[in-house]
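Below are structures written as structure tokens.
Across the two complexes that follow, chain A remains constant while its partner is chain B and subsequently chain C.
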Partner chain A sequence: MIKSIWELFNKEDLFECYQCARCTGSCPAAMAMNSYGPREILLRCLNLGQEAVIGDERVWYCTTCNVCEDRCPQEINIPELLTAIFNLAAQRGNLPEKIKFGVDMIAKTGRSLIVNDKVLKERQKLSLPALDPLNIDEIEGILKKTGLNEIIELS
Partner chain B sequence: MKFAFFLGCVIPVKYPGFEKATREVMAALDIELVDLPFSCCPAPTNMKLAHYDSWLALAARNLCLAEEAGLPIMAICNGCINTLKEVNLILKQDPQRRLQVNEALEGSGHQFKGSIEVKHLLDILQKDVGLERIAERVRHPLQGLRIGCHYGCHLYRPPRLMYPDDLSEASSYVPVSMDHILAALGASPTQYSRKFLCCGSALGTNIDAQPANEITREKLQHMKKHRIEAVAVACPSCFTQFDRGQMMLERKYHDGFGLPSLFISQLLGLAFGLDRSTLGLGDHRISLNPILDRI
Partner chain C sequence: MTPKKVLRKEKEEPRIGVYVCHCGLNIGGVVDCAQVAEFAASLPGVVLSKHNLYTCSEPGQELIKVDIRESRLNRVVVASCTPRLHEPTFRAACQEAGLNPYLFEMANIREHCSWVHLHDKEEATEKAKDLVRMAVARSRLLAAQETFTVPVTRKALVIGGGVAGIQAALDLADSGYKVYLVEKEPSIGGRMAQIDKTFPTMDCSICILAPKMSEAGRHPNIELLTLSEIETVEGYVGNFTVQVRRKARYVTPSCTACGDCAKVCPQVAPDEFNAGLSMRRAIYMSFAQAVPSTYQIDMDLCLNKHGIVACDKCFQACQRQCIEYSQKDLILTLDVGTIIVATGVDVYDPTPLTEFGYRKFPNVITSLEFERLINAGGPSGGNLIRPSDQKIPKTVAFLQCIGSRSKRSNIYCSNICCMNTIKDVLLIKEHWPETKIMVFYIDIRAFGKGFEDLFQRARREGVSFIRGIPGEIIEDPTTHNLTLIGEDTLLSQLYRYDVDMAILSVGIEPRKDSPVIQRLLNLSCASDGFFLEAHPKLRPVDTPTGGIFLAGCAEGPKDIKDSVTQACASASRANILMSQGQVTVEAITAVVDETLCQGCGMCVKVCPYSAIRQDPETQIVQVTQASCAGCGTCVAECPFSALSQRHFTDQQIFAQIDAITEEAPETKAVAFCCNWCSYAGADFAGVSRMQYPAPIRIIRTMCSGRISGEFMEYAFRRGAAAVLVSGCHIGDCHYINANHQTEKRVKRLWKKMERLGLDRNRLQLAWISAAEGNLFAKKMKEMDEIIAGVSPEEIEKTKKSLVPKKKGKEESTE
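Entry: the complex of A and B
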């Protein structure tokens, strides 16, 4: 359980940011969604603190392409900051439905997509090996130990 | 050569034809693939964002399965390669994290040792098999087809984790493997603006497909400008954007791109002259006929 994003990201690194906006200028999500930009998230974290961003649904527009880190002239690890924000946001219940569904599927089956009869038949037609159910007790055991129940219900 | 075959979640379920093509191509190159009971990698676009520690431990379990079999991993999806390579590197370098993960793994009987490598199909083809051997195996050259490569972000970003040994002096890196492989197959890999722009996939799968498709459209427009005839991808999520996404874009904008996209194994299979019924050519929404007629 984390209480602050600064447990996962060194706040000192943010002071390196001089708001050049190369990250936002390179960001595909910012291109598609006007209300999103890594520079803006950095600024709000610095000036207003983590509470100003972790409840904001728009942080999830990130495509995780990592181009912001690639291009930051100050070598700030922006994806690491965003991952810290996402993790705390998820814990507080700010987690997009589709991500929650995927995480839930992984916890219940070990896979993020449903393997149904149609899939199995299609694979059989191509003489591909069957997708046998995974050892879910083992997987769930690991996820219980790592505390996944902080964000979703585990059996 | 022998690898543990990391299928991931998307390819075996949504695009089994790509898996079939990969198995056939690797058999033609005398590479043995072993199936192990891997779980989801888990993806850098969901589990990592939602719960970092769970992401780390579940990825470690997958790495352990390969370690116990004494095999390096071959991945064919950018999400998988991103997670597995990053976690492998973190756990090899950070004793604190390794301790924490091995504690979580204790009840499962696995322990991370750091004894294997993880590679994407593209790097196995370029570096382990070699371009010469690939060229020797070609029976139907790709006739100078103007193919635009889309590598996909998670394959190589961040380069300090994905390609730490290949960084330039400025610590940057962009991949070239797919262009070289396609040239060996007789195609004309064609450059285009915004080649290293994201396809938009995660925005679509996590939030909303429409804005994600707008990012794909930006790429398609540049490809068309450079008279590209087909897109080559090495990731099923990128494929979804260029194929399914393009279909949705067509309904909205009537751009008429008609730009087919192919998974790299399909292009290898076509050039090797493998039985076309084993190459998953029916998995496409954007017609492949204009290029299939030429090869």
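Entry: the complex of A and C
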């Protein structure tokens, strides 16, 4: 259990940010969701502290695609910062419904998308192999180990 | 010159005076100076010990002088800042009071103690005591030395013919000295000749430069060597011998620059002067105002490159018969007293930043290409045109900080790009007032005289300054129009701007060939690759090597005004040396005790300066004092202790090791640092207030080549937990290659320790440059961990197993 995102991310790395905004300018999530931008998240963490971002659902738009890190002139590992935020937020139960649904699906089926008759028929048409149920023991193990099963009431 | 014997006065008892400086709160705020002074009073030989607020002040120096006279002091120790700063000050004070300056010693309790142990006052005080103990121990063994002078040749060499080099050459030539101005390119002028206008006055660049260029070209005291490169540099301050390769021009000086030859030449290549935006012939002149105003043949491009005349069109066209295909390179040997390095900069190439599409999208250009496009003498006759369709753009974007302030390119601010862009936008507005201009920036740095005015003018012209660098540029493949995607940080809002043209405001960086000059002249480079000055504030144009000075961007990014200012300064510094006509050489040379020399010749092999000659009959060696640079490598190499270095004798260094290991040696590490790089690096760590653990004690020698294996072993025998040997990086040694010997000796001892079953990790070797304070601090942390890991048994075992090879070598000086 962590108390602060700074246990997972070195705060001093953020001091080097001079807000050039190349990260947000490169962010595909920001293109899709204008309210989100890594630069602002970073500045909020730095000036307002972690509480200003932990409850903010916008952070979950980040897909950790790493383009921001790739272009950051100060080589700040922004996806790692977001991952730290995800961890603390999840621990506190600040998970958006859509994320919970995704985790639930993986826990139950081992897949993040629904596999129903319609999908299987479609696959047959494309002569793709059928999707057999997956062994989810390992996934259960991971969920237990990370404590995610307690955070999300799995249905 | 006959070797000078160490001057020995009749044995007189040392009467040492110790002065502990508070340096205001710089030292006094951390170290208990009164306690240190009290401790010093208890050391053998010390007759008086005082502490005062500023020892370097006039009253502080006066106090030393009075004490020398009244208390008959014959040694003076000042515990204050680095000897690299104030040793000359105190030496002069001693000399004024009639004491030989070589009887003065310093303990560095500021850069190496109070500034790096700010939060541990007790440890810092203990360390300061140790440092004073070392200095006192060394001072007891100091001997008076006589310096000697060497003549200074009254000629100067200026490397680089940009505006800085031209200015320095003109100043020196006007002062009456012969100047060789060496330029690699076919014409002098440098970067300034490529630029259209200058900020903040909007003067035409070539209009103000060209008169200076032609003045340099016709000045009776200046010998202009274009298309020339430095091949070798030998000698020392005041007496350099330089070999210059003057490449064949294939066109004689009687050329009138009529241009008939170029009209008929069949070979073409991109024109470097126009940043590749136009073409030139194989026979060409770089630009209209070139000095010398002579054409030249690019032999790599010419059809006659293989030495067979396959085409003689230019020869036929030249009425004055100036063309000589058979010309050869010339090697010139120049004797000069001073050298000014004005080698300039390269422009950052933004190709690796693929998100901006430079070289992929034709309408993304650099600021240097912009200068050539907007220049009336440029490829488009002064019309700002889009490379894709030659149309004048209606919307233009400038992107700042490209290749600057970034760990992915150059970490520093390039200094000139903000003002250059502001000048550029005003130029566009002047010619095409309707153009919409956007400047994407992080910070606008308009700090100089008249800069802010210019910035305000640009704003009043309606230029949009948008805070936030685009994340990427995309292109419409049919129209070649560009779209900039990014975030306006002041609005916290994403933008997509369509523009006709984007100009990357690129930074400047050290020249790719500057390592060549660095090696030839033994200069130091800062971590950013620019040449390092002797002191950032007080000796800003000197290099650590005597007689060599810096001017212009070779020292760091700067604008034209600063380059010219610095050129004047370096010319003035060189002038001082040459007008004096002679220079004093430090009395730190090696001397031979002929009675001990066995003629093995080991010293001859390691001397980087060939300053040691062996008598063909007796095999006994002699040191040529004028050629000896005082690295001490030969002294460390001599197996018979026949050589010694003045002011850095074996006994003095052993005494310092003794002082370090007198109390609790198992908690300490002995560090040997060379004066030029690692000691300076430690000073830099201090100036930057980088905090590191206290158990290190530094012994300064001129070169790490002075450190013999015996010193390292002796430190271990005395029970030191760890030993650090540190010098300049291989290839950067101030004594050409003396640190190769250092490396060999450390490796030899490592092997020996392994053989004896000892932990070789306790002997560390580190190359730390004068600019690598952070590396020094990091190494200190490592050393601290090593010390913590050494067991008392290991130390005892080392003491027993590392027995001295020979009997009779000084075991202890106490």
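FYI, the second predicted complex is superposed on the first by the 135 of 155 C-alpha atoms of A that agree within 3 Å, B and C clash if a C-alpha of one lies under 4 Å from a C-alpha of the other, contacts with A are read in each partner's own complex, and residues count from 1 in each chain.
Following the convention adopted for this analysis, contacts are C-beta pairs under 8 Å (C-beta built on N, C-alpha and C of every residue); 3 or more make two chains touch, one makes a residue touch a chain.
Please read all numbers here as calculations on a predicted model, not as lab measurements.
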Checklist entry - Touching A:Lys100, do we find chain B (first), chain C (second), both, or neither? => result first
Checklist entry - For chain A, which side has the bigger count of touched residues, chain B or chain C? => result B
Next on the checklist: By the touch definition at the top of the document, which applies to A:Ala21: first (chain B), second (chain C), both, or neither?
Outcome noted: second
Checklist entry - Which of the two partners, first being chain B and second being chain C, lies in contact with A:Asn66: first, second, both, or neither? => result first
Checklist entry - In the superposed arrangement, does A:Asp56 touch chain B (first), chain C (second), both or neither? => result neither
Checklist entry - Touching A:Gln74, do we find chain B (first), chain C (second), both, or neither? => result second
Checklist entry - Now for A:Asp13: first (chain B), second (chain C), both, or neither, which partner does it touch? => result neither
Checklist entry - Once the shared chain is lined up, is A:Glu40 touching chain B (first), chain C (second), both, or neither of them? => result second
Item to check | First, second, both or neither for A:Glu140, with chain B first and chain C second | outcome: neither
Item to check | Doubly contacted residues of chain A, that is, touched by chain B and again by chain C | outcome: 31
Checklist outcome for this item: Within their complex, chain A touches chain B through residues 8, 28-29, 31-33, 60-67, 69-70, 79, 83, 86-87, 90, 95-96, 98-100, 102-103, 106, 110-115, 119, 122-123, 126, 128-129, 131-132, 134-135, 138-139, 141-143, 145-148, 150-151
Checklist outcome for this item: Listed in rising order, chain A residues that touch chain C in their complex are 18-27, 30-31, 34, 37, 39-40, 71, 73-75
Item to check | chain A-touching residues of chain B, taken from the complex the two chains share | outcome: 9-10, 12-14, 16-17, 19-20, 23, 35, 37, 39-40, 42-54, 56-58, 61, 103-108, 153-154, 157-159, 172, 196-198, 200-203, 205-207, 211-212, 214-215, 218, 278
Checklist entry - Hey, which residues of chain C end up touching chain A in the complex? => result 355, 401, 405-409, 442-443, 467-472, 485-489, 492-494
